[in-house]
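Each structure below appears as structure tokens.
Look for chain A in each of the two complexes below; its partner is chain B in the first and chain C in the second.
Now for the complex of A and B:
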């Protein structure tokens, strides 16, 4: 797991507000869970220049969250910030759908070195 | 009563100064009453001016009626046809001149089954009796005693003179094609729902906001929840490629089942949606 702020170095521009996502999986080692997280991370890296936090939550470790968040189909990703909350399900391989639903169209394309900060 | 009402404008009309402006400000009913007063007072010059104004107004109104795509039929207090425009005459397959002064019950034979009881009522009779207008999409025209039935949407409004209902204006349009299309669509949707009910795979219709709009019985079984609980629930916008993807679905008692999800863009009740199909891959995971 890589941890990186993803911020370009050597610039004086004020920090942009970070996007926050929570992705829910059932068993983080399961191949389909890993595939979904990787697909999502690839899209977010490309469109948010690393200016995001992605928290992976395993419902095997926190089963109570399924009822709390009313989760029915997993993997599911929730955009927590900016509001409003938006939820997607599946393996996030339909990139156009992810971009459209999260409103990533207007965001600048990331440089090849930019990475997001993955938590959890 | 008419003389008293129009004394002031009538007196003003006697003076030719500003006459055109006064005429423009008068209603058609006022013009007719003033014309009667001028005739009684034997003022031929003013009577000519008023008759000309009345004729111009009638011509303009008739021209406007003829241009309408809707059929328009005007009946008098005895429910006899006093005017029918071109679109109306086309709809009943008779020239307008043939039907003048004939009873509307023969010419149009317009019945609204939703009015009254036992087979419905004629809108012109109801408006003449109550003085209230009607708008409905449930009219049935059976013109000229034929077997040809035309489904019409219509509005019927009273014509009043000095407070008395002196006739009815009925505007009507043929909605047969639209109604057939609606029935065909309803039948098609019913067939689709029966098909979805019979399919053993779990099927959900999800709107563009990720909310569930339809579940079939197989989906209720797979998700361990009834349709009432699922409909409207925020499932999430599906994002899977054409080939589908493996997902975990929540079953009864907090279990998770592995399923293959396929999703296609779809139209549901004339709105864009997603049709998501879930085929169970294996029994509940350990």
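Now for the complex of A and C:
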């Protein structure tokens, strides 16, 4: 499910690699799930002006993904693109941590810097 | 001394899920609380994962209860390898849909936020695995690793409770393991789990020891003692020192010791399943007795496992051939197995594990431990005692007749190792008897439980056809051995005869002394004679010289005294 498909700022910008995130929740309507998704969207909107994909996956619907994606703590967000895969869990209320983990800070609209490899 | 067996399931009480771990189900009166959570904590190497794994494997294999093993500490590959070292083919169990192995990784820094998270990922993951194979049991191994990655204790506590409640609601028997030395390091376990088990690994005097204690068991009675346990290559064996090991059948059947005279003394041999101790000093024939038993066992088609702790099996086979025992024949037909190995520096426990493994693999009727003495010097006395108790209890519980030899004087055995005396059923004493300048061997039965045994001391010989007990001789001074016995048997068997024989011996000795003395006198005389001759010779010589000198002087004097000294002829002629 694609919550947001980004907001291209202009046709003049060169094609950039898309940022892709997957958020895993148990029960979309659960307060934890909703708060986490909102927090995440707020941060990504601010730092990824070039746009991103955010897919929310409910483990109740695809329980086999829990083992495949090495999930224990929920909600969890996984940066699927660009590589490497980075995972962060919690409610994402700590903006600095989200920025640091995904390498959003240095070049808000460009591809992630090397520091984004943190927490591999 | 045996407390009553704990009831398996009280009316209205909780159900038990058998673990299949030897000894544990007896301690807990049937196993773990069924459909509930059990926490196992212990230090590194205490065997938590092995315990948990074994519970799952037994249930999956024998109880038709599939299980899920999720570890926070090891990879799937490592888990499978651990299983292999215990003889469990986890891959096969997985393939047949009886087991799911999952390895969970937690990065300590991955939680970003002040809260607002749950362990639902873990719950979904477990539930999915449970649903896939219809699991009845779940192990969460090294849950402390998960706990360390969760920065909020309140969330951790609440979430673990929710997780375990979720599993309980599905009727799952859950086991969580915690790598903490003390329960206080992870107090959550105590109120979350219905049953708490503490495992402890320690090195005492260089001896590896593992102990198990059931700390808590909600809704059930259980034994509070700490029990030593083993991890052998076939899994865990817990043998409680008291209680369980005494619940064994006591067959009436007798088995031969392989020495006709000894069987007679025991009124037909020892009971099958008895623990026999053969005590004697060096060179008293302990091994010969033990081998006699082994030989007789194989001769009647039973299996015998012989642990030779101080001799190579080839040495035993060779030495015993000279006594007419053809052990090689039985080894070829696999009725006899001789295992020559000294307990290593790693201590008693691994050796015991090795023995138990061999016993389980061969399933012998008779086990010989020759000698048991090296065990006594290994480790702390109470550990040695515990270990021996478990070993002998293990053999007894299997109905195995055990023959142990012990290098010790009778007095030593009785005074210093009294607990061994109480552990064994029958004690046969061997000793050297020195009498009338001869060394002979004698045996007696010190104790034989439930047997009206002979109280006699019997001489025996190690002959080319085995151990030969001589007919008992009962005279005024009791048994006689060796030459005195031969004298008695030939003569009138009276005290007078014995005295006469003794006097004769003394006369012979006196005679020999006299002869020796005579010889010396003779020699001295000869020496004297030589000296005498020499002296006489010298005397004669000096006398001759003196005589000549005297003659000379006299003629001078005479010549001077005579006036007509110039003419000899005149003087002589006058």
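Operating definition for what follows: the second predicted complex is superposed on the first by the 95 of 120 C-alpha atoms of A that agree within 3 Å, B and C clash if a C-alpha of one lies under 4 Å from a C-alpha of the other, contacts with A are read in each partner's own complex, and residues count from 1 in each chain.
Note that a residue touches a chain if its C-beta (ideal position, glycine included) is under 8 Å from a C-beta of that chain, and two chains touch if they have at least 3 such contacts.
This is a predicted model, so every value here is computed, not measured.
Student: In the superposed arrangement, does A:37 touch chain B (first), chain C (second), both or neither?
Tutor: Neither chain B nor chain C is touched by A:37.
Student: Using the touch definition from the top, say if A:90 reaches chain B (first), chain C (second), both or neither.
Tutor: A:90 sits against chain B and chain C alike.
Student: Classify the contacts of A:75 with the two partner chains as first (chain B alone), second (chain C alone), both, or neither.
Tutor: In the superposed model, A:75 contacts both chain B and chain C.
Student: Which of the two partners, first being chain B and second being chain C, lies in contact with A:23: first, second, both, or neither?
Tutor: It touches nothing on chain B or chain C.
Student: Looking at the overlay, does A:48 come into contact with chain B only (first), chain C only (second), both, or neither?
Tutor: neither
Student: Between chain B (first) and chain C (second), which does A:104 come into contact with in this model arrangement: first, second, both, or neither?
Tutor: neither
Student: From the superposed pair, tell me which chain A residues show up as contacts to chain B and also as contacts to chain C.
Tutor: 26, 32, 35-36, 59, 63, 66-67, 70-76, 87-94, 97-98, 101
Student: Which residues of chain A touch chain C in their complex?
Tutor: Contact set of chain A toward chain C: 24, 26, 32, 35-36, 59-60, 63-64, 66-67, 70-76, 87-94, 97-98, 101, 119.
Student: Okay, in this complex, where on chain B does chain A touch?
Tutor: The contact residues of chain B facing chain A are 210, 223, 225, 230, 233-241, 245-250, 254, 256, 258, 261, 263, 285.
Student: Which stretch or stretches of chain A touch chain B in the complex?
Tutor: Chain A residues touching chain B: 25-27, 31-32, 35-36, 59, 63, 66-67, 70-76, 86-94, 97-98, 101.
Student: Which stretch or stretches of chain C touch chain A in the complex?
Tutor: Listed in rising order, the residues are 102, 104-107, 109-125, 127-129, 131, 146, 149-150.
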